[in-house]
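We call the chains A, B, C and D, going by the order they appear; numbering starts again at 1 in every chain.
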Amino acid sequence: MDINDKNYNLSVEIDKIHLRNPTMLASGILGISQSIFERLYKENVGAVVTKSISVNPMKGYPNPTVISIGGGSYLNAVGLSNPGVDAFSKELSKNKKIPIMISLVGSSEKEFSRMVKVFDSLSILGYEINLSCPHVSKMGMEVGDDPEAVNKIVKTVRMNTTKPISVKVGVGSIDVVELARVAIDAGANIITAINTLRAMTIDIETMMPILSNRVGGLSGTAIKPIGVRCVYEISKNIKAPVIGCGGVSSWQDIIEYMMAGASAVQIGSVLGSNGPKIFNRITKDLKNYVEKKGMKNISEIVGIAHKY
Amino acid sequence: MDINDKNYNLSVEIDKIHLRNPTMLASGILGISQSIFERLYKENVGAVVTKSISVNPMKGYPNPTVISIGGGSYLNAVGLSNPGVDAFSKELSKNKKIPIMISLVGSSEKEFSRMVKVFDSLSILGYEINLSCPHVSKMGMEVGDDPEAVNKIVKTVRMNTTKPISVKVGVGSIDVVELARVAIDAGANIITAINTLRAMTIDIETMMPILSNRVGGLSGTAIKPIGVRCVYEISKNIKAPVIGCGGVSSWQDIIEYMMAGASAVQIGSVLGSNGPKIFNRITKDLKNYVEKKGMKNISEIVGIAHKY
Amino acid sequence: MPTNIDNRRIVRIEQTIVETPTVKTLVFKDSLSHTAKPGQFLMIWIPRIEEIPMSVMINSKDGYAAVTIRKSGVGSTALFERKTGDLVGLRGPYGNSYTLKKSYKKILIAGGGTGLVPLLRLASYAQKLKIQSTVIIGARTKGEVFFENIARKIIQDNDSSLKICTDDGSYGIRGTTVELMSKVLHENTFDCVFTCGPELMMRKVVDLSNENSIPVEASLERYMKCGIGICGSCCLDASLVCQDGTVFSGRQLSKMLDFGNSYRDKDGQRINYS
Amino acid sequence: MPTNIDNRRIVRIEQTIVETPTVKTLVFKDSLSHTAKPGQFLMIWIPRIEEIPMSVMINSKDGYAAVTIRKSGVGSTALFERKTGDLVGLRGPYGNSYTLKKSYKKILIAGGGTGLVPLLRLASYAQKLKIQSTVIIGARTKGEVFFENIARKIIQDNDSSLKICTDDGSYGIRGTTVELMSKVLHENTFDCVFTCGPELMMRKVVDLSNENSIPVEASLERYMKCGIGICGSCCLDASLVCQDGTVFSGRQLSKMLDFGNSYRDKDGQRINYS
């Protein structure tokens, strides 16, 4: 890469993936439109992850599906609504320069192999397998909580692609480090941690759960210390790059995740209050940080907290 | 109970326990001093839970052990410091009128039976078994994640007392409903949910984890939607009263937990910013609520959200 | 009183007004909505049924606001059927708004159906700024014309500036909004055109304004889940209707491939306007 | 600039001042600490080693503050050994403070060792309010007397109002703080007595003041983890030293069973003062 590239000292390597900077768009956030991906790229995002895609289109749950609970935290139960593999491969068909990871969700090996076969000819970085959506039955976390299913699905995806595979883990009812180990042993290259945590909120005036699905996933500020802990524990115990995710809203949060062991960091909910321009602001702030500290490259800090 | 008691319409029953109102002090908060319990009782607390007590005194971890992370959330890794069963039974020996539950922690059946034998002659309501402390090895959650150990420990405590037993569960690596089921099947009467969630924070200036134990437990505002979800799921699936805990800072939070299925609600971290007088304020607010809604008793709303 | 627009407020419906057999206005108390800017919308929660975006209707009573619903699918029908005393939740107002420049002397407002909701709020703002408005209300047929009285009251100073047209000529002038607008443009000059209504109509209004080199702004609708720029379901080319809109300028719209051509369904698939 | 006292600030040690071989003052920049009230304390983080409570020492340079440490166990020794340029973390200032009433004309300040830290801050506040202070500094022996110059500077208006005593008579007057105080009380009248130092000394100062019907306030120490009223480790009877204290009045203290009698260890066991 050109040493004059203004992002040079922010560039990171995650397995075989090279990114101009460590920021990524988290899955499910603005994640269904190539035009939006192009806009985010202009705003300096390092890479984008798509909404989790399933074999068939899914309408998701009725609204309310996304609610702000204050303090920069959110609950969502969108129900993995997505246009399905065929419509979505058309959406991305003209992609050339945007670094895209496709998030996959499904309930059987067959579904995953079908999707990878369709997507693999596109110009994409690789895949993120969503094993951690906490609010859709027979998909996401219900798969992620079953090590045998994880093993089979990751192996299936591995057989169908040479591109890097990340497995997205969450706080479910199996230890996050164990889950990561199963995924890496089955052939995944990267771990993304974490997804939302199962949560709910009840409106006390009407006495009713607010989300139509009643239970959803907690994201945003509230989960940051849990995400940092998971990244720290995974990177301490598993030999694979980790992508951090959960509650990031500033460059300081990115640095904290990287010090805990993340090679790159995804940003989700905070787009709500800040819009796509947050990537531009945060990458500028990161550049300032790296320059002020006199680092050659930001990845010098990856996992540095493990020293202490 | 006298109908003229000013708390009459706030009184709740949890198994065999009668409380004048549904507020309780959470374990580990101000929980080692009989004088403090008396002060809290004057402030109108419904009941107090002691710091988790072990057979031997424990110094806990070096400081920092408790840190505020902003927005009403906290991380702690006190390491279950406590004076041990003998000193603590002396502490409570003169108790007459304060409704106290003793929280117990340990790593073997022998330890639990030893403690219950000492405590059972005191004037106390019952026990809360802490199976969910996320940051001390061989105690708390490491026991709680092992259903066989849970079964044995609860059975042991059951054999040694006729007083009500609550088991405190958390978000670990076994499903919270499953854990509650094991506990109730083994003879527990009540479930307390939830404890703190494993989390950490790194100071980016020094690049070091802040807690001396590095990893600790997240409490306060951040975890409320997770606590509400756990109470909702447990009370939906298990036939036993549930005590809610996690992130409560107002009367509205108490109502939300009760609508989710909690018969009483514990308050912890918010004592930090509000002091013991918060019990007085919240119980007044609850009384206003009950009166405004024209309810005979606050327990009318327990689990009401399950209707929808 | 809540100051954060994301806070969900539970409000009681204080009054219901039948506009047509399928259109109803619900009045409620909410100070944040009362001061919404023209073009902004609320997310209205019909508990345990749906949450749907609704433009904020004007209500002159201090602290009060309203929404006007056309009954269509599950959510809007449930909302339509709410009675005085029922509770609904709401959050917002969200989105940007029409821009009324102080230099404007005369503006053209063209729309129909519930598209009039933000336009009437705009007209009342214009009136306060002493900007003269010509309002075109278009409908397919007489029974679908509503808000005529409200519009007349707002632009009371000049009766001739309210023009109504129906496709079948059963009321007002026969013809479409765009045909009528074309005529009006020949006879008058305007500083800006503002539109809201069916997208194909708006496409034509925007094209016509662009051709006549008149600034134009349109308020768009897309399928919305979050309303706050997170979920992406409301995307319109590279824009988010909830966060970057709902109001876009003719300049922005003329570069958009989706505008007047396609929208996205609940699952995010792109669907072409027939 | 952080406005929430709970926010952890990482500060660089700008200066170290050796007071005695085992007592050192560290100066750093922190505006919140600069404006701490007398009696308030900081939680000082020595990264990866300990976090310990420390009273805020006065520092006249705007935006700067200091702490004065007596080297004892792991944490205080590590802090003692920090050099200029090293980083420490801090949060606070926490706790209540001594109360200086405007009506006061003359006060007695009695303490020793690092107990002088909050007392000197108090003396400088008193000076600003034009309240006359008599300061008694007590120590076991000459080598343990420090802060004499700082104290003299603060109460510069009246040299005779600084009195120093040592148990062994190696410096100043021979005798204990309490003995000296007893003498001073015979010769003068005071509106209030303020004390900080070893608890058994404070117990005697409080008793003596109570006997003489002079209002008295003492700043206490207890083992602290959270510093913010959560953990309960600092309990003193039904009070929390971190939240309700550190300063208590003679009236409050005279009702306390723990004061001067017992404290709690790191594990919460009650230990009697020998």
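Basically, a contact is a pair of C-beta atoms (placed from the backbone, for glycine too) under 8 Å apart; a residue touches a chain by one contact, two chains touch by 3 or more.
Keep in mind the model is a prediction, meaning the values are calculated, not measured.
Peer 1: Based on CA centres, what chain would you say lies at the far end from chain A?
Peer 2: D
Peer 1: Could you grab the centroid distance between chain C and chain D? Build each centroid from C-alpha atoms only and quote it in angstrom.
Peer 2: 66
Peer 1: With chain centres defined as C-alpha means, what is the inter-centre distance between chain A and chain C in Å?
Peer 2: Inter-chain centre distance comes to 36 Å.
Peer 1: Express in whole angstrom the distance between the two chain centres, defined as the mean CA positions of chain B and chain C.
Peer 2: 51
Peer 1: Where does chain C touch two or more other chains at once, residue-wise?
Peer 2: 47-48
Peer 1: Where in chain B do residues touch two or more of the other chains?
Peer 2: In chain B, 208, 308 touch at least two other chains.
Peer 1: Once you've mapped the touching chain pairs, tell me: line, ring, star, complete or other?
Peer 2: Chain contacts: open path, no cycle.
Peer 1: Touching pairs of chains, all of them, please.
Peer 2: A-B, A-C, B-D
Peer 1: For the complex, give me every residue of chain D touching chain B.
Peer 2: Interface residues on chain D, with respect to chain B: 4, 6-8, 10, 43, 45, 47-52, 74-75, 87, 89, 91, 225-226, 228-233, 235, 237-238, 240, 243-244, 264-270.
Peer 1: How about chain B: which of its residues touch chain A in the complex?
Peer 2: Those residues of chain B that touch chain A are 69, 71-73, 75, 145, 171, 173-176, 178, 197-202, 204, 207-209, 214-215, 218, 221-223, 225-226, 228-229, 232-233, 252, 255-256, 259-260, 301, 304-305, 307-308.
Peer 1: Inside the complex, what are the residues of chain A that reach chain C?
Peer 2: 28-33, 35-36, 38-39, 51, 57-60, 62-68, 70, 74, 76, 78, 81-84, 87, 91, 203, 205-206, 208, 210, 212, 268-269, 271-273, 275
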